[in-house]
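Single-structure report; data block below.
First chain written, first letter: the chains are A, B and C, and each begins at residue 1.
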Amino acid sequence: MKQLKLAYDTMLAKHGMGAALFVAIAVTLWVVVFITLPQLSMLDYSFRFNLPADQIGTEADHYTLDQYRSFFFNNDGSVNTLDLMILLRTIVAAVIVTLIDVLICYPIAYILAHGAKGVAARLMVIGLIIPYWINEILRAFAFRVLFGATGVVNTVGMQIGLWDVPVDFIRADVALYFGLSYAYILLMIFPMYNAIEALDHTQVEAARDMGAPLWRVHWRVVLPIAKPGIVSGATMVFMLTAGALAAPQILGGPSSLWFTQVIYQWFNESSNWPRGSAYAVVLLFTCISFVLLTMRVFKVSVGEIGK
Amino acid sequence: MNRNTLFGGAYAVAFFSFLFGPLVIMVITAFNSSKFPRVVPWECFTTGWFGELFGNQRLMDGLLNSVIIGAGVVALAVPIGLAGALALSELPSKLRATLYTVLILPILIPGVVLGISTIVLWGQISRGFGAGGLYNGYFLTIVGQITFISAYAMLVFIARLQRFDATQTEAALDLGATPGQAFRKILLPFMAPAIGSAAFITLLASFENYNTTVFTVLSESTFTTALASKVRHGTDPSLSALAVIIITITLVGALTNEAYQRRKEAEMGGRASRSPLYANPVTRALTHPGVVFAILVGIIAVVSFAGSRHDSSMCEAAVLQEKLDRQEELRAAQKARIEAEQKQQSTLPKSNSAFGGAFGGLGGATPAPESAEPAAPKPESPSAFGGAFGGITAPKLEE
Amino acid sequence: MPDTSRPDQTPDRSVLLDHVSIRFGNFTAVDNANLKINSGEFFSFLGPSGCGKTTLLRCISGFSEPTEGKVLIGGKDMAGVGPNKRPTALIFQHLALFPLMSVADNIAFPLEVRGVSKKERRKRADELLEMIALPGIGDKKVSELSGGQKQRVAIARALAVEPDILLLDEPLSALDLKLRQHMRTELRAIQKQVGVTFIYITHDQGEALTMSDRVAVMSKGVIEQVGEPDRIYNRPRSAFVASFVGENNALQGVIKVQSGETAALDTPMGTFEARVGGGRKYKAGDKALLFVRPEQLVPGAGDNAFEATLTRQEFEGATNHVFAKAGDSELRVSMVNAGLAGSLPAAGETLSLGFAPMNATILPVADMASDT
């Protein structure tokens, strides 16, 4: 509190009353009203019963663990493997997508930082950004066009005789994996690029000069520098993938639900807000714990993210 | 080293093919008259899908809503992001790390969770305080979106602030400016380009957002949510047409920006006077970003006008006729085959269902494109098999 | 402060540092600075980097308050007066010109924030550009100026405030040697012309000695000595000043006897008589240092004579830098180039050297400037 007051006073002395008040009010509003209160409110809601409007505030309206219980257990007391499996599958799939992105983005980030120069580098940056300007829905749609029964992949595959019946890539979740990997590539490349760019290129040359093979140069010289960028990018990709809704809705096969879709169903189809809130809390809690754990393992702090 | 460069180049080409391939394919499908977006078989070149797109009332309503919401989000998220960046620059390092984590968190929290928490909170508030007016899709979407979009704006401002030389403010104060004057006359003008890009990024983010908006928008719909529900309930190439429009706008923006950057660089580096492009008044004018932009817009206008006059109905009618003929042929062939089978069946009492057999045979024999044509003129088809075939195969492959 | 109705008699442009200390936590950046800078003076703070010069200057200009003591400008206590309210203007080390404004807008900025009309501002900016001998560049961008031009624009901008005190923080350090020397003369001329008190910070003793009316030498936050340049050079009061300002030879020894202004010092090279620096009193047996400058070591016998062996020399046109070994110390001797009429000694030769007792200073043993 004292430090906040101090910061406010510095601001006041440096930028004046107007700016200091503006900053103080805007940041407070953001932190309290937009970030904290909604989460608390959702948490509160997740401990309530799903009551009709006229019963809210009456005796029936008290705290309960019901919503969480029904995530873990079915009515008959058996373990709710259905929802648990969906959550697990979502997390595992998000991890796989994240790993795919790390693998395919690392070379590009490295080339961008240390290989490409001038026009080539600028073209690459533009090339990375343009697909990202196109609506998320349309990007998913593009993969549906690509992987549809009569899509280019099937047509080409059948034309050159790889298979002779249209393969259902959607049902097999291939389209989904492609779409998700594609969706957040930019968020992986830029933190990686920023980290790798800090590396003095002569170090790479020196290592090469000493006769180290390329993979060893990367393993010993580039990767340690790139690590914070990789973790930062991976965190974002993981969180966004695990929390994705549009891509699974558009590209997901009929049999495999993403956990966000379950939440969506509780809210929009069953109108059971407390249940939906509880599931949202579960998702948030799982994702954040997973990320924090990973960061602990890789010894990187949250402050690295977004840099 | 040379081999590595080659490998790097090849990888980059492959990577960018992955990035642009789907977009290119999508763009091509926008001009194919086939009712399902695809490249082959090519039916007719058409610009009809653009008309179809603009005729979609739900999308156009959503567009208006998106503009309203986007304006609100920009108006709030940009100042909030700026405030966040300024606050971070003044805090002692420990507190700064904490605040940074808190402010950046909304980017990481799943959008679904943000959307839910927003409607839950404001639902409770409007019930508790009887402020029902707040509980509407526009307000909730703006509030829900700025929670995390402000953080995008903040990142832009942080990057810019890092390059600010704090002695500039001190110099202004020393020269007699009040802190407020120094803020307005020195810091804000320095931040101006970042305010521009932050506004752009927040607008784009607001426009694009689905995960949060799909909850907060309640019974309204934005462009993106309308788009999503359209994609989920069957697709047609008017979405590809939309992609063409967005990509075109993006490219125009990128090219104009490139012209601007180059000119700025040339001016900064003092190359302006030396470059032949700048020596000649004609080329100098032609490479001005404004002119580049105008030329591009002009080209697009001409192409759109030409496109709007293109009439593909003759070609489409021909293709339709051809299809009907093919179908007729097929039907005749099937009939003949089935009759033959039935004859056979009567001799073999315990056999599989006729339908199963026929269907299996069909699946292999029928050209794939036909199978994914839910909108093909099936209704007139007298054959039970034709109907069953359309009903079973199409949804399975499509959805 | 563009107070045009200012009375004709010159205002009080003095600065008084009244026992000023500035601390950052436990670290003392400025330790008990206590001195008066006179109205209209060109005053320099000279010291190695990190000795607290900038810290002190920022305190005078109002960016920080002293932890202890008071700053008085024109006789008025400045406690609680912000930088924009003080009659000072600061030229920053990197100038801090506003890159987004034209040259004229930069110079007129102080007038702009005081609400002076646009026309008036432009007129004043043009006058100031005239004064710094850069007429007609008002519409240029800052980025189009050369280093020396930027320098002068920064001065013009600071003068637009019509300050009583102009504070300059190593303003020449970014310029190349030639320009630096030229700007010294220029700065001095401008100061004479406007009559404003200049407080100049530098780690370059050449700058400080050539331009200033008085110099304060600082080391580790402590002001070691204040005085006219020649006094600083000829009568250093501490080992640090003696070694930091100009070249100097230091001989370690033990006091034999002090008699008033002079004392005899036993050194491994013999016993020498020299002036006692800073009016100090020594007892026999006290350890002390004797400083004698290379140009004060003259050939031939006389006072304080000794012999040394020439080890090497560096020819530099007008002077010849000779290094000679005596006892276990190597001494620097500057010899005037006598041209073809004279003759230069050769390596290995034995030199007879001596120095006048008044031209050497005995000072207490203490830290010396490390770059000597």
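Here is the rule we go by: a contact is a pair of C-beta atoms (placed from the backbone, for glycine too) under 8 Å apart; a residue touches a chain by one contact, two chains touch by 3 or more.
The chain lineup, named per UniProt: A, B = Spermidine/putrescine transport system permease protein; C = Spermidine/putrescine transport system ATP-binding protein.
It should be emphasised that the depicted structure is a prediction, and the values quoted were computed from it without experimental measurement.
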Worksheet item: So how do the chains connect up here, line, ring, star, complete, or something else (other)?
Response: line
Worksheet, complete the sentence: Relative to chain B, largest Cα-centroid distance belongs to chain C
Discussion item. Roughly how far is chain A from chain B, centre to centre by C-alpha average, rounded to an integer in Å?
Written reply: 18
Item to complete: Please work out the Cα centroid separation of chain B and chain C, and write it as a whole number of Å.
Response: 65
Worksheet item: Using the average of all C-alpha atoms in each chain as its centre, how far is it in Å between chain A and chain C?
Response: 59
Worksheet item: Multi-chain contacts in chain A: which residues touch at least two other chains?
Response: 13
Response to the item:
Touching at least 2 other chains, the residues of chain C are 82
Worksheet item: For chain B, which residues are shared contacts with two or more other chains?
Response: 178-179, 181
Worksheet, complete the sentence: Given the complex, residues on chain C that touch chain B span 1, 61-63, 82-84, 88-90, 92, 94, 96-98, 100, 109-110, 112-114, 143, 157-158, 160-161
Worksheet entry | Parts of chain B lying in touch with chain A, wherever the complex brings them together | 1, 4-5, 8, 11-12, 15-16, 18-23, 25-26, 29, 36-40, 79-80, 82-84, 86-87, 90-92, 95, 97, 99-114, 116-118, 120-121, 123-124, 127, 143, 146-147, 150-151, 155, 169, 178-183, 187, 204, 207-208, 210-211, 214-215, 224, 227-228, 231-232, 235, 239-240, 242-243, 246-247, 250-251, 254, 258, 261, 363-364, 368-369, 371-372, 396-399
Worksheet item: Quick one: in the complex, what on chain B touches chain C?
Response: 165, 167-168, 170-179, 181, 185-186, 189-190, 268
Worksheet, complete the sentence: Within their complex, chain A touches chain B through residues 3-4, 6-7, 10-19, 22-27, 29-31, 34-35, 37-39, 41-42, 45, 56, 104, 107-108, 111, 115-116, 122, 124, 126-131, 133-146, 148-152, 154-155, 158, 165-166, 168, 170-171, 182, 185, 208, 214, 235-236, 239-240, 242-246, 249-250, 254, 260, 263-264, 267-268, 273, 276-277, 280, 283-284, 287-288, 291, 301-303, 305-306
